[in-house]
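The following block contains the structure, expressed as C-alpha cells.
Chains here go by letter, A, B, C and D, matching the order in which they are written, and residues are numbered from 1 within each.
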Amino acid sequence: MKTVRLFAVLAAVCLMTLSLAPARAAEPVKIGAVLSVTGPASFLGEPEKNTLLLLQDRINAAGGILGRPLELVIYDDETDVNKCVLAVDKLLKKDRVVAVIGPTVSGNTLAVMNKFPAAKVPMISCAAAEKITRPVNPWVFKTPQSDRQAVARILDHLRQAGLSRVAILTVSDGFGQAGRAVLAEMLPAGGFTLVADEIYGPKDTDMTPQLTKIKGLAPDAIVCWGTNPGPAVIARNRVQLGIRTPLYMSHGVASNKFIELAGEAAEGLLLPAGRMVAVEQIEDGNPQKDVLAAYVADYAARFGAPPSTFGGYAHDALALVRAAIETSGSAEPRAIRDALEATTGFVGATGVFNFSPEDHNGLDPSSFVMVGIENGAWKVLR
Amino acid sequence: MTAGRGAGNLAALAGFAALVAAAPWLLPNDYYLSTLILAFLNAMIVIGLNLLLGYAGQISLGHGAFYGLAAYTTAVLTAAHGWPVGAGCAAGVALTAAVAYLISIPTLKLAGNSLAMATLGFGLIVHIVFNEAIAITGGPSGFVGIPRLALFGRVFESDLEYYFLVGGVLVLLAWAALNLIDSRVGRAMRAIHTSERAAEAVGIDITGAKRFIFVLSAAYAGLAGVLYAHYLCFVAPSSFGFHFSVTLIVMVVLGGMASVWGAVAGAVFLTVLPEFLRAFEDVETLLYGAILVLCVVFVPQGIAGGASRLGRALLARLGAARRPHAP
Amino acid sequence: MRPEPLLRCREITVRFGGVTALADVALDVRPGSITSIIGPNGAGKTTLLGAITGMVRTASGSVALAGRDISARPAHARARAGIVRTFQNLEVFTNMTVVENVMTGCHRHVRYPALAALLRTPRYRREERRCLDHALDRLAFVGLGELADTPAAELAFGQQRALELARAVAANPSLLLLDEPAAGLNMAETRALGALIRRIRDDLGVTVVLVEHDMDLVMTISDEIMVLNHGCNLALGTPRQIQKNPEVVRAYLGDDDL
Amino acid sequence: MDTASLLQYLVSGLTVGSTYGLTALGFTIIFNTTGIINFAQGEFVMLGGMLAVILGQALGLPLVPAVLGAVALTTLAGGLVERLAIRPARGASPIQLVIVTIGVSILIRGLVMLLWGKDTFALPHFSGMRPILFAGAAMLPQSLWVLAVTLTLLAALRAFFTATIHGKAMLACSHDPGAAALVGVNVRRMVLASFMLSALVGAVGGVILAPLTMTAYDVGILLGLKGFAACILGGLGNPFGAAAGGLILGVLEAFGAGLVSSAYKDAITFIILLALLFARPTGLFGARSADRV
C-alpha cells in the first residue's frame, strides 16, 4: 500500500513538472546540426562543429537569441549517408529543432534535402554542390560558394597568364567529381583545351603514373581538384618528376595543413580561397575584415589553432539563422525561412550573402581571391 | 521432431510478427522508426547471408555489392527511365540474382580465404563502377530523385507505412528462410557445410546447391536493396562498399551462425548500437570495436546461441523435464 | 550361368601424380549379394570405392550399373542412380539432429522444387512428412529410433557408425558400398554390425559391397570376396576359396602383419 | 609510349607495391602460426607510422629514436592484442577470430583518433627528397629504402621460418597445434610471438612508408585490404608469395593508371587478380591448400 501511495505522489509530481515546463520563461531556441565530425570528411566537419560550439557560447554569453538561450543539438553522421538520414530524422522528429545546419558533404545533403519541405523546417547546408540550391528548394539554403565560382577565378588567372592547354587531375569522391564536372564544362566554354582528364582515389598514396602521363602531353597548366592529403602527394610527386608546369589547386586545400603536408613542394602553387586564409592581408575597408578577425582570434584562443576556411561555412550558417530569428522576432521555422530568404548584405566569414527566392546561396565569385604559396605562407594575389 | 520444430518456428514467427506490429506504439517517437526500418533492411540481407555463411559454410564479402546493384538498378530505371516502381524493383532483384548466378560459376569453385578474396574483389569492382560510371549512377555524390515506393497504386508516403511494409517483408523472408532450412535444399546446404564428400555420397549436387543458395542469398540482399532505394530516395556508392560487406559478416557472426533469429538479432543490434553510442561522441568508435571483441569473447555462439543457452539453463533451473537420452 | 551383374567395373586405372593406385582392376557384383573387397593396407580398396562412386578421377576404365554405363557421371549423379557409400572416417553431419541426418539421406527420392519449400506448399509438406516417416523407419531399423531428436554430434562412436548406415539406407540405394564399417568397434558391436548388414541385404534388398579388415566379419557374411594387392586384382572367390588361396596368404604375410 | 614513361610506371608500381607487400608479410606471419587472417594488420602499419610522427613531433625526439620507439611500442601493442583479445577468445572458430581482429582494428583506430585526432601527418624523408634520375625516370631515395627494407625483411623471415627452431615451431603450430604441443612447443607463447613479430614487421613498414605516403588514423584500412589481396594472390602462408603479390598488385595499378584508365585502375587490378585466382585457386606461389575461413 505504501509503495502505491509513493508512486501516486511521484506520478503527480511528474505531471506537474510536465505541465509547468512550457510555461518557463526562457525556453531555449533549439537549433540542430548534422556534421561529418568523423569519417573521410572529418577535416570539414570537425572545424564546423568547433565553430558552432564557439558561437553558441558567444551568443549565450551575450544574452542568447531574443532573450532565450541557444541550445545546439549536434549529431555526427560519420560521413555516412544512412547515419545522416537517421540523424536528420532525430532532429526533426525527436528534438524538434527550428532549423538545421549541415550536413557537411554534398551527398548527404542531397539525400536528406527532401525531408525539409515535408517537415517545414529550414536547412542551411555546409556543402558546396550546385544541385543543393539549383533548382531552389524553398526550405534549403547553403553557405559555401559553388565550385563554379572557384573555377571562374582559376580561369581568369589562366587567361591572364596566357595559358590555354590544361590538364585536370581530380579525386574520385563527391568533391572531386563536382569539380571535374564544372572544369570539363567551363574549360572548353572559356576557350581552353582540356588535354588530359585524370582521376585518383581518395586514399591513393602515389600519383606519379597520372602525372607521368600528363607530363607526356605537355600541358600549359595542371588543375588538381581534391582535399587533403591527395593534393599534397600530387604536389610532392610533381617535384619528384621535375614537372615545371604551373599547378592550380582547388579551395579544398585552403588550410595550413596542406602547406605542412606538402612542405617545400607547396612553393608556387596557386589556388582560389576565401579571404580567411590570410586575414591580415585583407584590404582595409573590406567589410569581412572585422568578422573574420574576430572569428579567427576567438577560434585560435579556444582550440589552440586557427580555423580552416571550412569552419566558416558553419559560422555563417548559424550567424544567418540567428540574424533571421532576430529580424523576424520569431523562432518559428517558417518565420526563420522567410527571413533567411529576405536576407541581403549579410557579412559572413565566407563572403557577403544576398539571398532571394531565386538564389539560396547568395554569394558571387568575389568571395574568392586567388592566393599563391610563398615561403610556406599564403600570399593573396591582386 | 520435425513437425514439432515446425510448430515452434511458427510460434516464434508469430511472436516476432507481433513484436514488429506493436513496436511503433512502444517507441517514444517516430525517429526510432527510421532506425528500425534500416535495421530491418539489414536483417533481410543478413538472413540471406546467414543461409550462405552460417548454413552452407560459404563466405561472401560481396553482399554489399548485391545490395547496391539492386538499389541502383531500380533507382536508374524508375528515376531516369520512368519505369513504374514495381517493375523497377522486380528488375532490380532479377538483375541481382542474374549477376549472382554468373559470378557464382567461377567463384564457388574456390573455398575459404580464396572465396573471400574473390567475392571481395567482385564487390570492389562493382563499387568502382558505381563511383566511376557517373553518367548512369551519378558517381560518388550519389543518385537523387528516386520516387517513393508505390505498389498497386498506393504510395508509401509516411515512415509508419513504410515501416509496416518493411516489417512485413522481413517476417515473410524469415518465414521462407525457416521453411527452406527444414527442407531438402536446406539439409543439402547444411550437409555441404560439414562434409562435401558425404553430401555427394547421398546424391547432393554440391555445385548446384551452392549456386542456388548463393543466388537466393543475393536475391535477399537485392530485395533489401530495392526497398532501401525507394525508402531513402537517394543512393550513393559509399553505402555499398567493402566496409558494409564486412559489417554484414560481423552481423551474421555476432547474431549467431546458422540461425535465422540470430541474423535478425545481429542486424538489429549492430544497426541500433551506433545510435546509442552516439552519445559518447569521440569515444564511439573505440566502444564499438571493444563491444565487438567482448561479444565474441563472452558470447561465442552469438546472440541467438547465447540466448538459447540462457533459456536452456533457466529451464534446467526450473526443473523443467528435458527428454533424457542415452549416452 | 551367372545373372547380369548389378555393378560391372572394367579396366579401372587410377593414378595419383606418378603413382598408379589401381591398374586395370575389374569387379562384378551380383545383385543381392554381399561382396567384400579385401587386401593389405595400400592395396587400393578405398580408391576403388572412390572410382566406383565417382569421387576419384579414373585415368581409364568403365563403371556400369545395371547394364548402364555411368563412367562419365559426376559423384552425385551416381548416387542418384543408386550407388551410395559410407566412409572410413565418420562423416556424420554434426550440425544436424540424428533424424535430420537420415532425412538428408532421402535426398535422392524426395522431390519438390526449392520454391515449394520457400513457400511451404502442400506438396512440400506431404513430401517432408513422407521423408520424415521414412527416416524414422530407417532409424528404427538400425536401432537408433529413440535418439531421433538428439544432436548427431552427441552420439557415441558406435552410434555414429549406425547413423551413417541409416543415412545410407535411407537413400534406398540399389548398391551400398561400406568402407570399413567395423573399424573402431568392439567384438559385440562388430557382430551386431554383421547381422545388420545381412538384414540390409535381406530385408531391404540392397546389394552390398564391403571393404573391411576384420576377417571374421568378412568371412561370415560375404557371398563373394575380391582380393586386391598393389592396385591389381589378385583373386576372386567364395570365402572358403579365398582362405585357401596361397597367393592371398602370401600377399598378407609378405606385405603386412594383418 | 616512350620508355622513360614505362620505366616511371614500373618504378611507381614497385614503390606502391612494396607498401602492399610489407603489409602482406605481417598477414603471413600470423596466418602461418594461427591460421587467422588478422584484419588488424593494417592497423599495425598505421600505428608504426603514427607513433613515429607523434614521438617526433610531440616529444621532439630525433628521427632515429622516434622510429625505433614507434617500432617497439607497436610490437608491444601486438602483444597486447594477443593477450587481451585473441587469447581470451580461445576455442573460437576461425571466422569468430576474424571478427575479433575486425573489432580490434576498429578499437585501435578509435583510440588513435581519440588521442591524436583525425589529421594527416608527414614524417621527414630518411635521406632527403632529391629524386634519383635514371633513364628519364625519377625515384625518391625513400623508395629505395622501402624496397631494400622489404627485401631484407623477406630474407630475414625466410631464414627465421626455415632455419631457426622458433620459426619451425611457429609453423608447426599452424599445421597441428595439438601435435606441436605434444612435441613440447608452447603453442600459446608461439601465438603471442607471432602477433608481436607481425606487429613489428607492420610497424617497420609503417615508419618506412610514412614519409612517402603520409599517415593518419585511417590509413590502415586500405593497406590491410591490399595486403590481404597481395597475400591471396601470392599464395597464403608464403612470405615470398606475399611480397611478390604486393609488388605485382602495385605494378598492375601503376600500368593500369598510366596506360588504360586512372579511374578504373583498381578495377583493372582486381579483374586481373580474380582471373589469376580462378586459374590458380591457391595463389601464384601457394602450394598448401588455403581452405580456411
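Just so it is clear, contacts are C-beta pairs under 8 Å (C-beta built on N, C-alpha and C of every residue); 3 or more make two chains touch, one makes a residue touch a chain.
Since the model is a prediction, treat every value here as computed from it, not as a measurement.
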item	value
Joint neighbours of chain B and chain A, given as chain labels	D
Chain whose mean Cα position lies farthest from chain B	C
Between the pairs A-D and B-C, the one where more C-beta pairs touch	B-C
CA centroid of chain C to CA centroid of chain D, Å	49
Chain A-chain D separation of Cα centroids, rounded to whole Å	36
Centre-of-Cα separation between chain C and chain B, whole angstrom	40
Centroid distance [mean C-alpha coordinates] between chain D and chain B, Å	32
Residue list for chain C, restricted to those that touch at least two other chains	none
Shared interface positions of chain D, touching two or more other chains	113, 221, 263, 266
Residues of chain A touching at least two other chains	38, 172, 199
Every chain pair meeting the contact rule	A-B, A-D, B-C, B-D
Residue ranges of chain A touching chain B (in the complex, touch as defined)	37-38, 75-76, 78-83, 85-86, 89-90, 92-94, 106-107, 110-111, 114, 129, 131, 172-174, 176-178, 181, 199
Contact set on chain D toward chain A in their complex	2, 5, 8-9, 11-13, 15-16, 19, 113, 118-122, 129, 131, 133, 138-140, 209, 212-214, 216, 218-219, 221-222, 253-255, 257-258, 261-263, 265-266
Contacting residues of chain D [partner chain B, same complex]	37, 85, 88-89, 91-92, 95-97, 99-100, 102-111, 113-114, 221, 225, 228-229, 232, 236, 263-264, 266-267, 270-271, 273-274, 277-278, 281-283, 290-293
Residues on chain A engaged by chain D in the complex (per definition of touch)	38, 40, 42-43, 46, 172, 198-201, 203, 205-206, 208-210, 212-213, 215-216, 228-229, 232-233, 236, 239-242, 257, 260-261, 263-264
Residues of chain B defined as touching chain D within the complex	53, 57, 59, 106-107, 109-118, 120-122, 124-125, 128-129, 132, 242-243, 246, 249-250, 253-254, 257, 282-293, 295-297, 300
